[in-house]
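Encoded as C-alpha cells, here's the structure I'll be asking about.
Which chain is which? They are A, B, C and D, in the order written, and residues in each are numbered from 1.
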Amino acid sequence: MTSAPISAGSSPVPASQARLRLIASCPDRVGIVARVATFLAERGASITEANHYHDASSQWFFMRSEFAISVGGAEQRQALLAGLADEFRPIAEGFDMEWRFTDAQRPQRVVILVSRFDHCLAHLLHRWKSGDLPYDLPCVISNHDDLRSLVEWYGVPFHHVPVPRDAAGKEAALKRTAALMDEVAPDTIVLARYMQVFPPWLCARYPSRIINIHHSFLPSFVGGRPYHQAEERGVKLIGATCHYVTEQLDAGPIIEQDVVRIRHSDTIKDMMRLGKDVESAVLARGLRLHLEDRVLVHGHKTILFSE
Amino acid sequence: MTSAPISAGSSPVPASQARLRLIASCPDRVGIVARVATFLAERGASITEANHYHDASSQWFFMRSEFAISVGGAEQRQALLAGLADEFRPIAEGFDMEWRFTDAQRPQRVVILVSRFDHCLAHLLHRWKSGDLPYDLPCVISNHDDLRSLVEWYGVPFHHVPVPRDAAGKEAALKRTAALMDEVAPDTIVLARYMQVFPPWLCARYPSRIINIHHSFLPSFVGGRPYHQAEERGVKLIGATCHYVTEQLDAGPIIEQDVVRIRHSDTIKDMMRLGKDVESAVLARGLRLHLEDRVLVHGHKTILFSE
Amino acid sequence: MTSAPISAGSSPVPASQARLRLIASCPDRVGIVARVATFLAERGASITEANHYHDASSQWFFMRSEFAISVGGAEQRQALLAGLADEFRPIAEGFDMEWRFTDAQRPQRVVILVSRFDHCLAHLLHRWKSGDLPYDLPCVISNHDDLRSLVEWYGVPFHHVPVPRDAAGKEAALKRTAALMDEVAPDTIVLARYMQVFPPWLCARYPSRIINIHHSFLPSFVGGRPYHQAEERGVKLIGATCHYVTEQLDAGPIIEQDVVRIRHSDTIKDMMRLGKDVESAVLARGLRLHLEDRVLVHGHKTILFSE
Amino acid sequence: MTSAPISAGSSPVPASQARLRLIASCPDRVGIVARVATFLAERGASITEANHYHDASSQWFFMRSEFAISVGGAEQRQALLAGLADEFRPIAEGFDMEWRFTDAQRPQRVVILVSRFDHCLAHLLHRWKSGDLPYDLPCVISNHDDLRSLVEWYGVPFHHVPVPRDAAGKEAALKRTAALMDEVAPDTIVLARYMQVFPPWLCARYPSRIINIHHSFLPSFVGGRPYHQAEERGVKLIGATCHYVTEQLDAGPIIEQDVVRIRHSDTIKDMMRLGKDVESAVLARGLRLHLEDRVLVHGHKTILFSE
C-alpha cells in the first residue's frame, strides 16, 4: 500500500501505484457511499482520504475520495483513469451524479493572467518553481509587457496581449487571449490581479475553472478602489477574497478569504502593501484547494473538503 | 516613582500617587508636545506612557499621556484633577484643543443595555466581577425581563423598561430609559445586543460615549439578519464590529472588529453560536480600549492608542 | 431523510429518525469503507457526514460516519444502538477495529472539576445553559468551596472535596472525588483549571476521556507559572492547550491550541487576563470536538475530523 | 508642515523637509519628555509620531519620536543630523541616555545571508524591488552558490563563501564573510535561513543589528529539526520567530512571532511548506519594525513601538 500524503506530491508513490481521486455530487439517497466504495474496493483501490457531506437544505450529497490503486506504470495511468470512468458511468447515471476521476499525480495545467501588479504572480511563480504548489505552467498572459522579464527568468513563456479600451478592440484582444489559452488546453485559469473583466462567453468557457483574487473581503467594498473605500469607512481589518469567476462581477462562489489588521496610521499605500500579502496568501491557498480537487461548487457556494 | 501598568488597576499605586491621563487633540503646529510635557513636568508628573500622532490628511494632532503625580490622598484626586484642568485651560485654548484629564484609578460608570441575548452581557458581567475589566456598574436596563436573575445574581440593579412598537410608546419608553441612565450619571453606555435603535436626541446626549456591538463585519451585511446574509453569500468568515453610536445606523466610528472562520457545514444556527463568541470578545476589547481612554474619535473614524 | 447539521442539536430531527455515529480505527487494508458503508446502507442508514483518513506512517485507518436511521421512537434509540453493535461486531473483529457507535442526539454526561479560577467554568456553564454546547452536567466538583454559588445559580449540584497536601490525605480526597464521579457515570471529565495532578490509577480509569486545559502553548513552558516563564523569555504570543490527560504530566494527546498576541507593556497580570480568554475558548472548542466524537486518539496524537 | 506617514517612504516629503527620528532610553525621572520635546520644538521640529513607555520593573524610560524639520536640501540632511546630535549630546548625558538620531528617509544598508532555502530571500528581494520594504541591498552572501541566479536577476551582487566543516576552515570562512560585510558597511544583517552559527566575536560586532529567523515558535523546539519535533509532539500550530542574534543560540531578544494551524494529515514536508510562509512573513515584519527604528532592546527583551 502506498503512503497517502494530503498534498499532491508531498510524498513519493511507487510507480506501481497510482493515486487517483473521485469527486462526485448528486441528489442524496441511501447507499451512495456503499456503492461507490464497493466499486473502488472491487478494483483493489485503497482509500487514503475520503470526505462525504450531506447538505440538509438542498438534500444534495457531496463526496471526495482519494485512493491508491495498482497500475502497470506511470504511462498507463491515463488508460486506468479512462477504464475506471467507463466502468463507473452506469453507477453515476443511476445516482444522477456530477462526477469526475482525477489523477492526483498529474499536475494541472494552469494559465496565469496578470496585468501590472506582480505580487500574486511572483508568489505563485516562486511556489511553482519550488514545487510547494504543484502545477504545470504552460504560459503567462498579460495585457501589459511589464512582467515579461520576471516570467521569463522562470523559463515560462510570456504573451503580451494589449487590451484596448474600445469595445471592439477589447473583444478582439480577449478572443486572442482565449485562443492563446486554448492552445495550451489549461485545466485552470488564474486571474492574478488581471484588471480586465471577462465577458460572459469567456466565463462560460471555463465553468468553475477560472479563479480570481479580489482585493477586499467580499461582499465589502465590491468593485474598484476597495482600499479607498476601507480608508473612508475606517475599518480595522482589510481582506482578500479568492473566488470562481462567473458572469456576475465579484459575485462568484467564494473559495477562500482572509483579513489583516490595519491601524489608524496606515495610509492607503500601507493598506495596498498589507493587502498584497493577504491577496497573495489567499490566492495561493484557494488555488491549492482547487488543484487538490477539494472545492465542490454548489450553486453560488462552495463545499471545501480540506480534511 | 510609581509602577506604570498599561491596564487600569493592573498594579497597585501608592496612595501618595495618583495616576492620571491627559487626552487631547488639536490642529497641528510646532511645540505642542513640548508645551504639554513641560506643563506636566513642572508639576512633578512622571509620564508612564504617552502616544502622539499627527494625521497627515487633516493636519490634526492627537495625544494621550498617562502620568503619575503626587497627591495627598485618594480623596484628593478629584481636587488635583480640577486644579490641573484650571491651570491647563489657557494652554489648551492657545492650541484650540479638545482635551480632558481623566483619573486612571477611578473606574468609569457604565450602564449596560440589553434585550434577550445574554452572551455579551454575561461576558461583561463576568469580567466586571473578576475585576479583569475594571468599571462600575450602577445598573443594567433591558426592554425584556428575561435576564433579571442573571444580573441580580451579580448584585447589580436591573431595570425592566418594555419598549412598545408604536412610535409614541417607544418614545416614552426610551425617555424613561434615558431618565434611568441619568439617575446614575453614566460615563459610558454599552448596547450589549440591545435591539432598539436610539433616536437622534438620545445619541446626541452621549456623544462618543455610547458603544454598540454589531453582529457583522461592517460594512458587510448592514442591518438585520447578517448571518442569513452571510449564509446566502457563502462567505468563509463572519465577524463582529464594536462602534460608537451615531444618528446613522451602523455607521458610527469603528473601535474594534474581528472575524471567525466558518465552514460549508455551518448552519445559520452555528454561525449565531460562533458569532456570539466573536461579538463578546470584540465588545469587551472595544470597551477596554474606551475605558482606558485609548480611543480618540476623529470625524467618523477612530485613533487607537493601544500601544 | 433527515437534515444533517454538523453540530449536535443544531437542527431538529424527526422523532422517527435517529442520528447516530460510528467511530472506528484499525490496521488499513482494502475494502474497509465498502464493508462499513454497505453495512449501514443495508439498514437504511443515510450518511450525513463521513470522514476517512489513512495514516501513512503507521498504516492505520480512521473513520467517522454520522448517519440518520429510522427508529420507532426516541426511547428506542438505545435498543437500536445495541442492535447495531451486535450486528457490527463480527465485521469489526474481522478488521481488528477499535470502534463504537454513539448517539448524536444523546448529550454526553460531563463532570467538571475546578479549583479557584472561575473563567473556564463560567464559560462552560454559560454555553451549557444556552445549549450552544450541548451536554449534561450532573455535577461540578471542586477542591475549594469558592465557586459553589456560581454553580448552584445554574441549578447544578456542587461538591466540595478539599485536597490536603499530605500524600495520604490527597489520595483519600481523590478517591472520594472518583467516587463522586462514579455515582454519575460520566462520559467525559473536564479539568477546567483543576489544580491537582491526577494519579495514574485515576488517569487509567477514563482513558481519552479526561480533558485538561493547560495555560500555555505546549510544549512551551511546561509545568507551573507559564506566564512568568513567558514574561521572562519575552515572547510575543502566549497560548493555551487543550489535551487528554495521561500519566505523563502535560504530555497527553493535544486536541486544540491557540495563541494571543501580547505587548511589551503587558504585565504578568495582563497575560493572566488575556490567557483566561484564550484558555476558555480553547477548552470549549476542544470539548466540542470531543463531544461530537471528532477526536480520534492515535498513540500520543489526535486525528481531528472537524470537516 | 509635512505629511507623516507611519511607514518610511509611504508618502512624499518636500525636499525642504527632512523626516528624522530620535530613539532614546534611560533611567526614568521627571522631565525627560519635556526636555526632549522642547529641544525639538526650539529647532522647529514638528513631531509626526511619538511613543513613550516607562518600564515599571526596571524603572527605565523608552522613547521614539519621528519629526519633520526644515533643511536646505536632501544633501544637507547628514549635516543636519550631525548638528542635532552635537547639540543634543549634553542633554543625553544629563539623563544617562542611550540615544541616536536616524534619517527616516535614508534607507538602511542591509546585507542578507542565506544558505540554500530561498523562500525568505525571495520574499525580501521582491519587497525590496517593489519598494514595499525600503532598504538598500549592497549584496547577498551565501555559503552555497545555488541562489546566485535569483539574486543576480535582481541586479544585486552575490558572494559565494563556502563554509567548511572543520573549525579552522569555518573560522576563516566567517572572517571572509565578515570582511565582505565590512566592505559595504551594513546597518543591519539579516540571516534569512543562513545555516551557520555566528561565533561570539561576530555577534559582538553588530549588537542588536543581526536579525535571524528561526523556524519554530521559540522557546518551543529550540535547535534543529523543529518540524520533526512538532510532528513528534502532535502540536496543532507551528510557528516562526524573528529575533536578534546574541551569543546564546536561539535565545536573543524576540522581535516578532507568529503561528499557523496544521492538521493531523500534514506531513513534515507539509509543515515545512506552511512554515516557509510564516517564516517569510515573520521575518519581513520583524525587519520592517527594525528598519523603522521601532524595536528598542532592553536586556533580553524588546520594546516595540508599533503605534
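Please note the rule applied: a residue touches a chain if its C-beta (ideal position, glycine included) is under 8 Å from a C-beta of that chain, and two chains touch if they have at least 3 such contacts.
Every value quoted in this text rests on a predicted model; they were computed, and no experiment measured them.
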Sharing more than half its contact pairs with A-C, counted by residue number, which one of A-B, B-D or B-C qualifies? B-D
The chain whose C-alpha centroid lies farthest from that of chain A is chain B
Starting from the mean Cα coordinates of chain A and chain D, work out the distance between those two points in Å. 37
Per the C-alpha centroid definition, the whole-Å distance linking chain C and chain D comes out as 43
Multi-chain contact sites of chain D, meaning residues that touch two or more partners: 5, 11, 49, 53, 56, 263, 265, 267, 306-307
In their shared complex, at which residues does chain B touch chain A? 53, 56, 217-221, 233-237, 239, 253-259, 263-265, 267, 300-304
Touch list for chain D against partner chain B, complex: 1-5, 11, 28-35, 37-38, 40-42, 44-54, 56-57, 59, 65, 305-307
In the complex of these two chains, what residues of chain A are touching chain D? 5-7, 10-11, 49, 118-119, 122, 126, 130, 132, 149, 153, 263, 265-267, 269-270, 273, 276-277, 281, 306-307
